[in-house]
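Two complexes, one shared chain (chain A), two partners (chain B, chain C).
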Partner chain A sequence: MNKIRKQYLPFARAGIQTLIAYRMNFLGFVIGGLIYCFVMYYLWKAVFLSSGGSTFMGFSMTDMVLYLFLSNMTSQLTFSSVSTDIGEEIRDGSIVMRMIKPVNTDMSYLFTELGGAFMKLIVFGLPVILGLETYRFAVSGTVMFDPLNFLLYFVSASLAYLISFRVNLCFGFVAFYVKNLWGIGILKNSIIGFLSGTLIPLAFMPDILRIILEYMPFASMSYTPVMLYMGKYEPTEILLRISLQLVWAVLIYGLSKLIWAGAVKRLSVQGG
Partner chain B sequence: MIYAEHLRKEFKKIVKEPGLKGSFKALFRPQKEIIAAADDISFHVPKGEILGFIGPNGAGKSTVIKMLTGILTPTSGECRINGKVPQDDRKNYVKEIGVVFGQRTQLWWDLPLTETYSVLKEIYEVSDEDFKTRMAFLNEVLELESFIRSPVRTLSLGQRMRADIAASMLHRPKVLFLDEPTIGLDVVVKDNIRQAIMKINKEEQTTVILTTHDISDIELLCDRIVMIDKGRNVYDGSLRELKAKYGQTREMHFEADPNAGLTPEKLLKGLGASDEHITVECDRNLFKVRFNSAEIPVAKMLNHTLSVTAVRDISVKDADIEEIIRCLYKEGADGDE
Partner chain C sequence: MRRFFRIYRILAAQNLKRVMEYKADFLTGAVSFLIDQAVGIAFIFIIFSQIPQLSGFTFEQIVFIYGFSQIPKGLDHLLADNLWCVGYFIVRKGDFDKYLTRPINPLFHVIAETFQVDAIGELVVGISLMIYVSGSVNLYITPLSVILFLIAIPFAALIYTAIKIATAALAFWIKSSGFVIQMVYGMNEFAKYPTTIYSLPVRLLVTYIIPFAFAGYYPALYILTGNDPLFNIGGTVLISLIFMAIATFIWHKGLSAYESAGS
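Here is the complex of A and B:
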């Protein structure tokens, strides 16, 4: 454990420093994310106004605001760019520089990204949560913040991150076969955006579709933690959802290891 | 120390017919062709030797280096370094080697150089004390001090290469793989890097495999060379032998005094050399003479030239490595017939 800390923590540190080195990039990322949330907010507000009632499919307008901002924030926090990173490194051959180091290739990616994720949590995640709680307080007049739900959210979001990282890693390995990932990368992001409930809450979908999607790994990537934060689950369901995330995390971990073992044998380094 | 036995690496390549039509064809029904980038390469290197691993572009040098460093898995054949097969346990194996690919960098692009070294220190589990003495040593030979706090992306090529070489030596590797470490560098930096390689080889008995296109790298550093071409071994032996055998071509350049009215015919007259040993090209007063120094000693050539004409500037160059390779390759091709 100590060895992991010593060997991989530098990667996390480097991840943070790299993020800071490109401050404007990061700022643009935060502001862009917020603008997107507000656009979605006005869109859903219009939906609510036209539906006439104070709730829509079990969601009040306050719920909806919470959901929109939380799910966007969560999917940003759990977003992993490892697929483009590894795809790029395979395409230009710089992956060889990773392979000559005595570290696990996937772990080095993970920790570099964790550094960035940590920064995002501090600079982006916490202010958003603070803002949302202020909003809820202003609307209802009582403090709605529930520390237990927040804790559950944190645990579940961490699992969500691990799943998202491994899914993207698997996807990145596709670059061993196709050499350039840009096109299917866009396809992947829109599919995940839809299937994970970031675009439209899964609760709004037809029952059969919703049940199927809730059991797929994509729901584990942002929907589950958000629903936990909002306290939408009964205790038994909380247990089910988190165990489901665990199962997916383990399965996808295994899958990524399997693909890597096969892919590394057919690595053909381009250039140099 | 290093054993490579019958190494072969095949790549699949999609063959595309020319033009748009060809591109569409390749999209739907790709024609695959198997290319052997390395084909039956064998050599071994004893501990403490500096081996020059040379060959023309595309000969398969980098492919072999990548197999030896555990990045690529050979299609067939085997390599063993330090008694280990690189592909078996890559993570443990690479602890004992240092690698520089001249066209790439292992430095953290956006971070100050010192950060890269402290990361490497942790990765390779170098103790604090060791790290200090090591950095002092590398600082001294490679002169890193002036830019060690700058972000890597702001470094010049020469600085970056010195930094990369230092990074590969930080953990006292037993074997050092240097793939074109002097590419694109000026003479001062090249010298710097050669000093570092020599010093580390002498002081720590580090085995070095070096690929380069620079003949002076080889002359100054290498005890032995292995030459490959088109994925096959073509030569294995000392540089002196090779040069004695193939490297006797010299090139003489001079500018003749325009008043002397020198022509190639006049220059050749009285030298008594047959056509196969000498060729003369001239562009007004600028002469380029290539001759075989085994048949026509350099001194004789110079004396003769100076006796037939007044010259403004004269120089004699050694055959470069490309020339020797061309010779070797031509011989190989002739042998096939």
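Here is the complex of A and C:
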């Protein structure tokens, strides 16, 4: 344990420092995300008005606001730039500097990312939750905050983080084969955005599609924690969803190891 | 003027050669933007599976507006993509010096340098969507309206470019302005839907301050209804010229404040 702390904590610290150094970029993404949430907010408001009812497929407008901001925040928190980072390092060859160090390559990435994620949680996650709870209080007149749901959210979001990290790692390995990292990034974001329910709650999708997507790893990356926070699941379903996340975390871990083992043989670094 | 065209042709040809060299990359890029669009459409589709119309617009009309909004966006993406790089790293790494040492206008050179074929994804989707629903929406088609509509397209694209020039130019002072471009550019989301769904402050914002509504909704509304050409089309032309003037002004101010950076 002590060894891990000594070996990997510097990576986490470096992650925090990188985020602070590039805080303006981070701020840009946060504000960009919020703008997007507001566009969606107005769109959903119009949808609610046009549908005439006070709920839309089991969601009230308050639910919808909660869902929009929470899922956007969760996907920002679990967002991992490891796919572009590793891609860049593969391309310019600096990945060898990681490989010759006496540390586990993907663990070093993980800890760098964790440092950044910790900062995001403090400066972005908590204020959003505070804002949402204030909003819910203002709308309903009672305190809606549920500590148990929050705890479940935290556990589930941590699992989501690990899954997202590994999925991104797998996308990063594509850089061994394709050079258009920008395109891969867009592809990855739109696929994950849709399949993880960030764009539209999976609950709104046609039944067959919904059931398939709920069992895919993408739902584990933001949909599950958000639904837990909102208290949308029964106790048995809570267990099912969290175990499913665990299963995916293990499977994706295995997959990323497999791809790495295969891809590293192709690694050829030009120059230095 | 002819010189500019000749230089542009040479630079674009260089770009196309690069694309042919890395075919897989081009395919990845185009397919990525295509899928990104497909997801956007799926979203509208799922919403409309539950409601017959949105703020008085039918499914087909919303798809038409959405499709149209992708065309100016795609044109700007195709022709002026390099501005992102100016904001993100060209200035920060000191690579901007290159443009200053050449005997052509630096702004023109930056823009002409990249011909971003990934944009085909947006253009193809936009045009196909408009064609797909054109049978089921009542378009206001007269010779004049078609001409006005076509005139609006390049000006609408110019709104995107102007906003990118103005925000990229901030890098001349603050070294890296990628995040500002990202933030402001992100507001183009507003252009995809009727502005009537927004509250008044937001509507004023996307109409006059960051005028993406003129780069999507308003021109599309004109061809859908034939209403108010002076505002819907004239506004697009006027706003884009005003913003282009402001943007080039900021760019030139920035150029004179530029100090080389990097090692």
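As a working rule, the second predicted complex is superposed on the first by the 270 of 272 C-alpha atoms of A that agree within 3 Å, B and C clash if a C-alpha of one lies under 4 Å from a C-alpha of the other, contacts with A are read in each partner's own complex, and residues count from 1 in each chain.
The rule is simple: a residue touches a chain if its C-beta (ideal position, glycine included) is under 8 Å from a C-beta of that chain, and two chains touch if they have at least 3 such contacts.
What you see is a predicted model, and the numbers here were worked out from it, not measured in a lab.
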item	value
Chain B versus chain C as contact partner of A:Gln7, first or second or both or neither	first
Chain C versus chain B, contacts on chain A by residue	C
Touched partner set for A:Leu199, first chain B, second chain C, both or neither	second
Contact set on chain B toward chain A in their complex	11-12, 62, 66, 69-73, 90-92, 94-95, 97, 99, 101, 103-106, 108, 110-111, 115, 118-119, 122-125, 151, 179
Contacting residues of chain C [partner chain A, same complex]	22, 24-26, 28-33, 35-36, 39, 42-43, 46-47, 49-55, 118, 176, 178-180, 182-183, 186-187, 189-190, 193, 197-199, 202
In the complex, chain A residues that touch chain B	6-7, 9-11, 13-14, 17-18, 21-22, 93-94, 96-97, 99-104, 264-265, 267-269, 271-272
List of chain A residues in touch with chain C within their complex	24-29, 31-32, 35-36, 38-39, 42-43, 45-47, 49-51, 56-57, 177-180, 182-184, 186-187, 189-191, 193-194, 199-200, 204-206
